[in-house]
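Next, two complexes with chain A in common: one pairs it with chain B, the other with chain C.
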Partner chain A sequence: MFEARLVSSAIFKKVLDAIKDLLNEASFDCSESGIQLQAMDNSHVSLVSLTLRSDGFDKYRCDRNLTMGMNLGSMSKIFKCASNDDTVTIKAQDDADTVTFMFESKKQEKISDYEMKLMNLDQEHLGIPETDFSCVIKMPSAEFARICRDLSQFGESIVISCTKEGVKFSTSGDIGSANVKIAQTSNFDKEEEAVTIEMQEPVTLTFACQYLNSFTKATPLTNQVQLSMSDNVPLVVEYQIPDLGHLRFYLAPKIEEDEN
Partner chain B sequence: MRHKRKVTTAPAPLTPVVQTRRQKMTCQDMLSPSTPHRIELRSDSNEETNNCKKPIIKPAQPVLKSRRRLNNNLGFINPVQESKNPAGDNHKLTEYFPVRRSVRKTKKTVLEEKQRSLEEALRKEIEDGLEVRYFDDKGRGVVAARDFCRGDFVVEYSGDLIDTIEAKRREEQYAQDQNAGCYMYYFKYNGQQYCIDATAETSRLGRLVNHSRNGNLLTRTIILDGKPRLVLIAKEDIKMGEEILYDYGDRSKESLKHHPWLAY
Partner chain C sequence: MGILSLTKLLADVAPQAIKETDIKTYFGRKIAIDASMCMYQFLIAVRNESGQLTSIDGETTSHLLGTFYRTIRLIENGIKPVYVFDGKPPELKSGELSKRHEKRVEAQKALDKATEAGDAAEMDKFNRRLVKVTKVHSEEAKQLLSLMGVPYIDAPCEAEAQCAAMVKAGKVFATATEDMDALTFGSKVLLRHMTFSEARKMPIQEIHLDRVLEGLNLNQGEKYKNIEAILKNIDKEKYPPPENWNYEGARELFTDPEIMDPDTIELKWSDPDEEGMVKFLCSDKQFNEDRVRNGCKKLLKARSGTTQGRLDGFFTVLSTTPAKRKNDDKKNGPNKRGKVAGGRGRGRAK
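For the complex of A and B:
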């Protein structure tokens, strides 16, 4: 028996909105410790890693580890039927082929049940090693989304270059080129607006705009985003889900010209 | 990647306690010869705790593959091959991270799960699979009512956590009472000496576990909600019906005189 209850279904909606562009379907691995999802997009360039800790749920029970393959489009349709302040309960029997989503309105006067068929997904799981990154940038998530959106008008890829002075996002295309520089903030009053850079050594990497733009769909989850970079290692874009876990995106760099 | 989740790390290696306050023992042993004994944390629990240290995993240096390089070697770029690949001129994640074909859990996950279930057992005071039995020769003891595997949590040595000053005060008090057994368990954690006093009769089973130099349990200190707790862990596989035993660690001459069973 699996049962997970979350008072605010809005968090689930936001998570789904953040990942459904990259993934059509995904396996939710449920265990005592919580719910995990790891899946690559079709092109195998990016990877989504979602962790929802059991202690973040209002009620959590998982007698046996279970993997539920779900179509994220269908799941998203179901969550569209819930109001933001509805309580959601996800239920499944051991070895079941369906999962049930139950939405309860705040005053308990309306209870809706949606049962969804599960899928058998044969997905490749990647072993991701723990890495110490050369640069870890924390910045307002909305600012990062804005930069990605703005720069993607000019080119297909964004060069992210991190030095002591700050982070530079740049691109170039047929019209010309664009550069956005962000410096570390010295003002610590507003934590959610702060830009902090922890740097061991400077890094410059090139990434495809298209994926970065998809990652920024997670912006509504939290105020801050963390970018972790090292040479020859995929970029990690991490959004914390307050009190519940985190959503990480991994993105392989573009093949550099000088690699030819 | 930074690991954000708080992991309760294994306790620092424990040092065996050096027998202190011999005089107290002597006095008390003479006054209450019924069952007093001291329990000392054995050094062999060191091995167990050391094993729990988090393994440091170094990321493997990825092997970069570039299709272009291959194409250049051929002298031309094959547009068909290029467009077949949805990743285009992007590296793939599979070049950096190995594909795990099995659903085996990483060692870290296994340890985390173990720690979590242990903490839950302590919080809920779970003492499953054990029963109290009366032995003609040595009084009460605890017997396994189910099989335990090596490394399983068996029972907590629960009682009042007190410091040495309070322990001294209580020992003096207990020494006045002929019938009071002594259930003071002295141990050291992070360089500080503590004592768990389980003298008061409770429904908990940890205090009733008997002594053996070759017991089937090990003691380990773990921190729960900032307080050290003593847990007894299966040193080997334990079959149903076997009595569970651990080494009280007290080999002092005085104690052996009054309790010759401590030698076995």
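For the complex of A and C:
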């Protein structure tokens, strides 16, 4: 028996909105410690890793480890039927072939049940090595989303270069080129507006706009985003889900074509 | 050649070995293409109502048109193709080859008959059977490939064996062919339908040798070791083995084929020679110049700039849980459920 209850269904809606463009379907691994999802997009360029800790739920019970393959499009349709302040309960029997989502309105006067068929998915569990990143940038998530959106009008890829002074996002294309520089902020009054850079050595990497723009769909989840970069390893874009866990995106960099 | 119904057997016994994917997922990969198979495909498939495409002089151009457009399609999708051409046929296959020759003679006769009777459908049918890839076709294709900046290799013997050796040596990611033979030569990954036309919307089949063998509970050595044992054990009257069956020689053909050492091969992709292509295709073969120049631009564009990296190299696969057989669900009739508890038991009880 699996049961997880969360007072705000809005968090689930936001998570689904953030990942449903990259993944058509995914397996949710449920265990005593919480719910995890890890999947690469079809082209094996990006990876989504979602962790929701059991202690962040208002009620959580998982008797046996359970893997539920779900179509994210269908799941998103179901969550569209819930109001933001509805309480959501996810239920499944051990070895079940369906999962039930129950939405309760705030005053308990309306209760809706949605049952969804589970899917049988091929899945690969990937081991993600611990990396000490050369640069870790924390910045307002809305600002990052804005930059990605703006620059993607000019070119297909964005070059992110991080130095002690700040972070530079640049691109070029048919109409011209664009550069956005963000400096580290010295005032720490408003934590959610701060830009902080921890740097061991400078890094410059190139990424496809298309994927960055998909990642920034997670912006409504939280005020800050963390970008971790090292030479020749994937970029990690991390959004914290307050009190519940985190959503991480990994993206393989673009590489210079070598002639030989 | 080919192995009778191997694909079907695999689908039944080792479904996890076959994966259907999209051409877009192969960007950045180097892929060895069985060129002779390709040429044949083009000669058969690239046609108009009256048969193969020809220039004014009546020379066939189907193979060039095919090579031109399908190669552009591969490169546009970020794939780095290398074409491998057949060398001399192995001696052992001479019997099979002479049989084919006889069939061609028969087909020619049938075609003559159909032409006399004016039966267009029959004519088309036998015309297709008469298709043969000639030296001239291969040479022309090679000339076009070098103008396009795409490398090709002349295999000393069978192209599939050469492709497989290159996959094994890590020179390329996979062999693209329709012929399952490439697996028996030890090609780790085989791609089918790679060079099909876009309009057919055929998904690419990716077949992994290790998963095939796992599914069949064999290792590659055993596959060959057992023919003697099989011969001893089967009822020879019921299943008479072919006469003069030189299976030892046949085995050698697979385990120790005549190939060029993959380490000595250098693969290099370069910019296309636009003027050269225009001269070759437009003035000699009467292609439309705009289309050729357009194709050239596409090749150049695909070569410029950076390539998207893949995540596969960065992370290691810890475990794979393949989906349960889909067929089980179909057998269970109307209650189509994704994941059936105890479904396996029921499947067997039929």
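We adopt the following convention: the second predicted complex is superposed on the first by the 256 of 260 C-alpha atoms of A that agree within 3 Å, B and C clash if a C-alpha of one lies under 4 Å from a C-alpha of the other, contacts with A are read in each partner's own complex, and residues count from 1 in each chain.
Here is the rule we use: contacts are C-beta pairs under 8 Å (C-beta built on N, C-alpha and C of every residue); 3 or more make two chains touch, one makes a residue touch a chain.
A quick note: this is a predicted structure, and the numbers were derived from the prediction, not measured.
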| item | value |
| --- | --- |
| Chain C versus chain B on the shared chain A, clash or fit after superposition | clash |
| Touched partner set for A:E32, first chain B, second chain C, both or neither | first |
| Contacts of A:M119 with chain B and chain C, given as first, second, both or neither | second |
| Partner chain(s) touched by A:G69 [first = chain B, second = chain C, both, neither] | second |
| Which superposed partner A:D95 touches (first chain B, second chain C, both, neither) | second |
| Chain B versus chain C as contact partner of A:S228, first or second or both or neither | first |
| Which of chain B and chain C A:V236 touches, first, second, both or neither | first |
| First, second, both or neither for A:D174, with chain B first and chain C second | neither |
| Chain C collision site on chain B, chosen from 7-15, 79-87, 115-123 or 187-195, when both complexes are overlaid on chain A | 79-87 |
| Shared chain A contacts, counted only where both chain B and chain C touch the same residue | 40, 42-47, 67, 124-129, 208, 233-234, 250, 252-255, 260 |
| Parts of chain B lying in touch with chain A, wherever the complex brings them together | 1-5, 57-62, 64, 66-69, 72, 85-101, 103, 106, 109, 112-113, 116-117 |
| Complex contact set, residues of chain A against chain C | 40, 42-47, 67, 69, 95-97, 117-129, 157, 206, 208, 233-234, 250, 252-257, 260 |
| Chain B-facing residues of chain A, complex | 31-33, 40, 42-47, 53, 67, 124-131, 133, 136, 208, 228, 232-234, 236, 240, 246, 248, 250-255, 259-260 |
| Chain C to chain A touching residues, read off their complex | 16, 22, 24-25, 27, 268, 303, 305-312, 314-324, 326, 329, 337-342 |
